[in-house]
Structure formats: C-alpha cells, structure tokens
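Chain naming follows the written order as A, B, C, D and E, and within any one chain the residues start at number 1.
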Amino acid sequence: MIYGRVRGTVVSTIQHPGLKGLKLLVVDKLDPHGKRTGASLIAVDAAQAGVGDHVLVLDEGTGARQILGNPSLPIRSIVVGIVDEVRL
Amino acid sequence: MIYGRVRGTVVSTIQHPGLKGLKLLVVDKLDPHGKRTGASLIAVDAAQAGVGDHVLVLDEGTGARQILGNPSLPIRSIVVGIVDEVRL
Amino acid sequence: MIYGRVRGTVVSTIQHPGLKGLKLLVVDKLDPHGKRTGASLIAVDAAQAGVGDHVLVLDEGTGARQILGNPSLPIRSIVVGIVDEVRL
Amino acid sequence: MIYGRVRGTVVSTIQHPGLKGLKLLVVDKLDPHGKRTGASLIAVDAAQAGVGDHVLVLDEGTGARQILGNPSLPIRSIVVGIVDEVRL
Amino acid sequence: MIYGRVRGTVVSTIQHPGLKGLKLLVVDKLDPHGKRTGASLIAVDAAQAGVGDHVLVLDEGTGARQILGNPSLPIRSIVVGIVDEVRL
C-alpha cells in the first residue's frame, strides 16, 4: 500500500454513474520521512480524509470495491486510513 | 486512478474483435498542477472525451470491463470522467 | 494499455507447457510521437504482428487469457492490435 | 515479489475496520546486495517481522487476502517471509 | 512479461507455509540486448533455472498460482521459461 498526503480534491461534472457521490482526492506519495516523492495519484476517499492529512492508500481494484460494498465500481485507488505517525 | 489529458487518438485497422468500435485515446499523465509528467498511456474512451480534455483514467482491467458491460474485453485502461478542476 | 513497436522475437526451448506454440515478441514502449521510451517488455502475439510494427499491448493477465480462450495460461502481456497512426 | 527491509511501523487511529489489529510496516525496497533503492511501501506483517529485518513482500491483493484468510480485506502488500541470505 | 537473468537465490528460514519447498530466485531485469536495467525482483522458479540463465518471468499472481496448481499460494512472480535467444 502507499503512504501519502492529501493535496486537494477533484471536481468532475461528467463521470461514470458509479463514481457519483464519491469524493475524489489528489494524493501526493510520500517517502517514510513524509517528504513528497514527486508522484501522485487520484483516490476515492473512504476515511473522511481532508487536505493535509497523511493517509494510507490501497491501490488495488478488488479491495477498493469491497470497501465500498459494490463489486462493479470503476475504481482502483482508495484512501483506507489516516496515518498519525510513522515510527522509524 | 490517473489524472491525465487527452492528446490524440489511435487509428488501428487490425485489432482484436473485442476492441472494434471502441475509441482509443492517447492520454498524457499530469501532475496535480496539470503539467505533463512525461508518461502516457492508451485508454478506451467511456466519457465522450475529446482532445485537450482533462480526464480521470481507471487503469485496471476488471473495472474497465464492468463499465463496458462485457467481462471478456481485452482492455485495461479506460477514461471514466472529465475533470473540471483540481482544487489544491 | 501500452503503445509499442515490435523489436524482435524470443526463442525459448524450455518453457511452461501453456506457452508452447505461442509467439513471444520483444516490444519497445513508445511515446505518443513513436519515440522509444527506453523500456520494453515481452508479450504474446495475438495480432500477427511483425518486427517493426507499431502495436497496442494489453498488460493484464485476465484479459490476455480471455483473448486466447484459456483461463489457465501463464501470460500477462499480449499484442492485441496493429496501430496504423496516432493522431495528435 | 519484492526484497526489502523493515524500516518502521505505521500508527493509524482512523482506519478501515478490516485493517484493525493488523500491524502495518514501512518497508524499504532493496537491491540484491541489500542496498536501498530509494523506494518504499507499506505492508501488512504476516511474518512477525521486526525493524531491521530483511523480508520478502508479496505485492498483490488476492494472495495477501488469502494469507490472512479473509477475502474482503482492503490490503495489497504483505510481508510473507524473513530473508536470511541472498546468495549471489 | 519480463526478460531477466537469474542472479542468485534467496534463503529464508521463516516464511509462509505456502512458500515452503519453493525455490526463490533473484532475477535482474534485462533490456532486449541482455544488459541489466538496474531493477530486480524475486521470483519462484518453475523452469529449473540456474544462476546465469536468461529467463522469462510472469509477474502476475493469478497465472503464477495456476502454474503451481494451488489457488491460494502467496506468490506473484514466477520464472516460466528459459530464454535461449532474443532475435532483434
């Protein structure tokens, strides 16, 4: 799974019906020290995450669909937890 | 999922029957500021996207096949939404 | 999916029975302008592609197995179409 | 699969119920000589691994869920073994 | 799939029961000319490959489990063939 930080939200007017009502977040990938790696992805929010939150992202469709309880959703990446601390 | 911009279309005369009639797009991957990262991919269009549109791409076969309602399509990447704005 | 160009073929004498009779191609990944990105992969041919052909590669096991009609083949990457033109 | 070294643990107070009770590790990816490549990931521990241990990580959801005996867990990466030595 | 060369073996004393008895190989990824790309992975051997052999690696869990005839193995990468020659 991926350690990241929520950077913003995605606003989309035309999208697949299965995505309606889902909150889409832009997440920057972080290294273990919390520094941005330069890569980012778009993930559905399943953890009430806000901008600036450090999060755990699952990047796999089957698991993402199971979390939302809908086996036919067109999603792959989902924020499944808020990370409070990384102990190194 | 991936944030990208439609750069063009792919013209193919010989292709797998399952791909017939599908519109194939070349999509440049973007960073959160809308700047190209240098990477690109080919995706099936499921959002009536045009060249220049900022889009949301699902890069996972199971979800892509479910969107098109055909569990045996040989596809993996699909444009599922038009992105109007990324709020950072 | 991936845009690429066939660079050569792979000759293998010892391989899994499920791969017998399949043509294995070395495919260079291309950017939208048809320039090599430096990366490459090995893919099964399902489009009668020859060396030099620009092709569309599906890089996902489930779809690849469905194309060949055998749910137990040990493959992941498959050439599904010949690309005639990329319109930018 | 991935060769890595456990660098630390992730502390998370808000997370998906399916992740409760699982130990989340930060794992640095290593090259065959045991040198860090610069990349890292977060994985569930299934091998009683501790910080500093060299480990084998499976980065695939279906297998990860089977190890934990729960087909609906929202996980993808899991530490499945302790690596004692890499013989080159 | 991936073209690579076997670089060594992985010795592991504590590992998931499903991995017992499997030979784990360190495989360097190669470019079409047989030159190392700098990346490597760990794969289960299903082709009686030895150190120095050029091999074809399938990097997908479903196919890897089918080869070994066990749908619950925690593996993703598997050496499925010995490559004799890459004709460019």
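Everything that follows uses one rule, which is that a residue touches a chain if its C-beta (ideal position, glycine included) is under 8 Å from a C-beta of that chain, and two chains touch if they have at least 3 such contacts.
For clarity, every value in this text was computed on a predicted model and none was experimentally measured.
Colleague: Between chain C and chain E, which partner chains are common?
Modeller: Of all the chains present, none is in contact with both chain C and chain E.
Colleague: On C-alpha atoms alone, could you tell me the rotation angle mapping chain A onto chain E? Nearest 5 degrees is fine.
Modeller: The best-fit rotation has an angle of 145 degrees.
Colleague: For chain B and chain D, what's the span in angstrom between their mean Cα positions?
Modeller: Each chain reduced to its C-alpha mean, chain B and chain D end up 31 Å apart.
Colleague: Cα centroid separation between chain A and chain B, in whole Å?
Modeller: Using C-alpha averages as centres, the distance is 19 Å.
Colleague: For chain B, write out the residues touching at least two other chains, lowest number first.
Modeller: Touching at least two other chains: 62.
Colleague: Could you give the sequence of chains met when travelling the ring from chain B by way of chain C?
Modeller: The chains follow each other as B, C, E, D, A, starting at chain B and passing chain C next.
Colleague: Under the definition above, what is the set of chain D residues touching chain E in their complex?
Modeller: Counting only chain D, the residues touching chain E are 1-3, 31-32, 46-48, 56, 58-60, 62-64, 66-67, 78, 80-88.
Colleague: Flag every residue of chain B that touches chain C in the complex, lowest number first.
Modeller: It is residues 7-16, 18-19, 24, 26, 28, 40-43, 61-62, 65, 72-77 of chain B that touch chain C.
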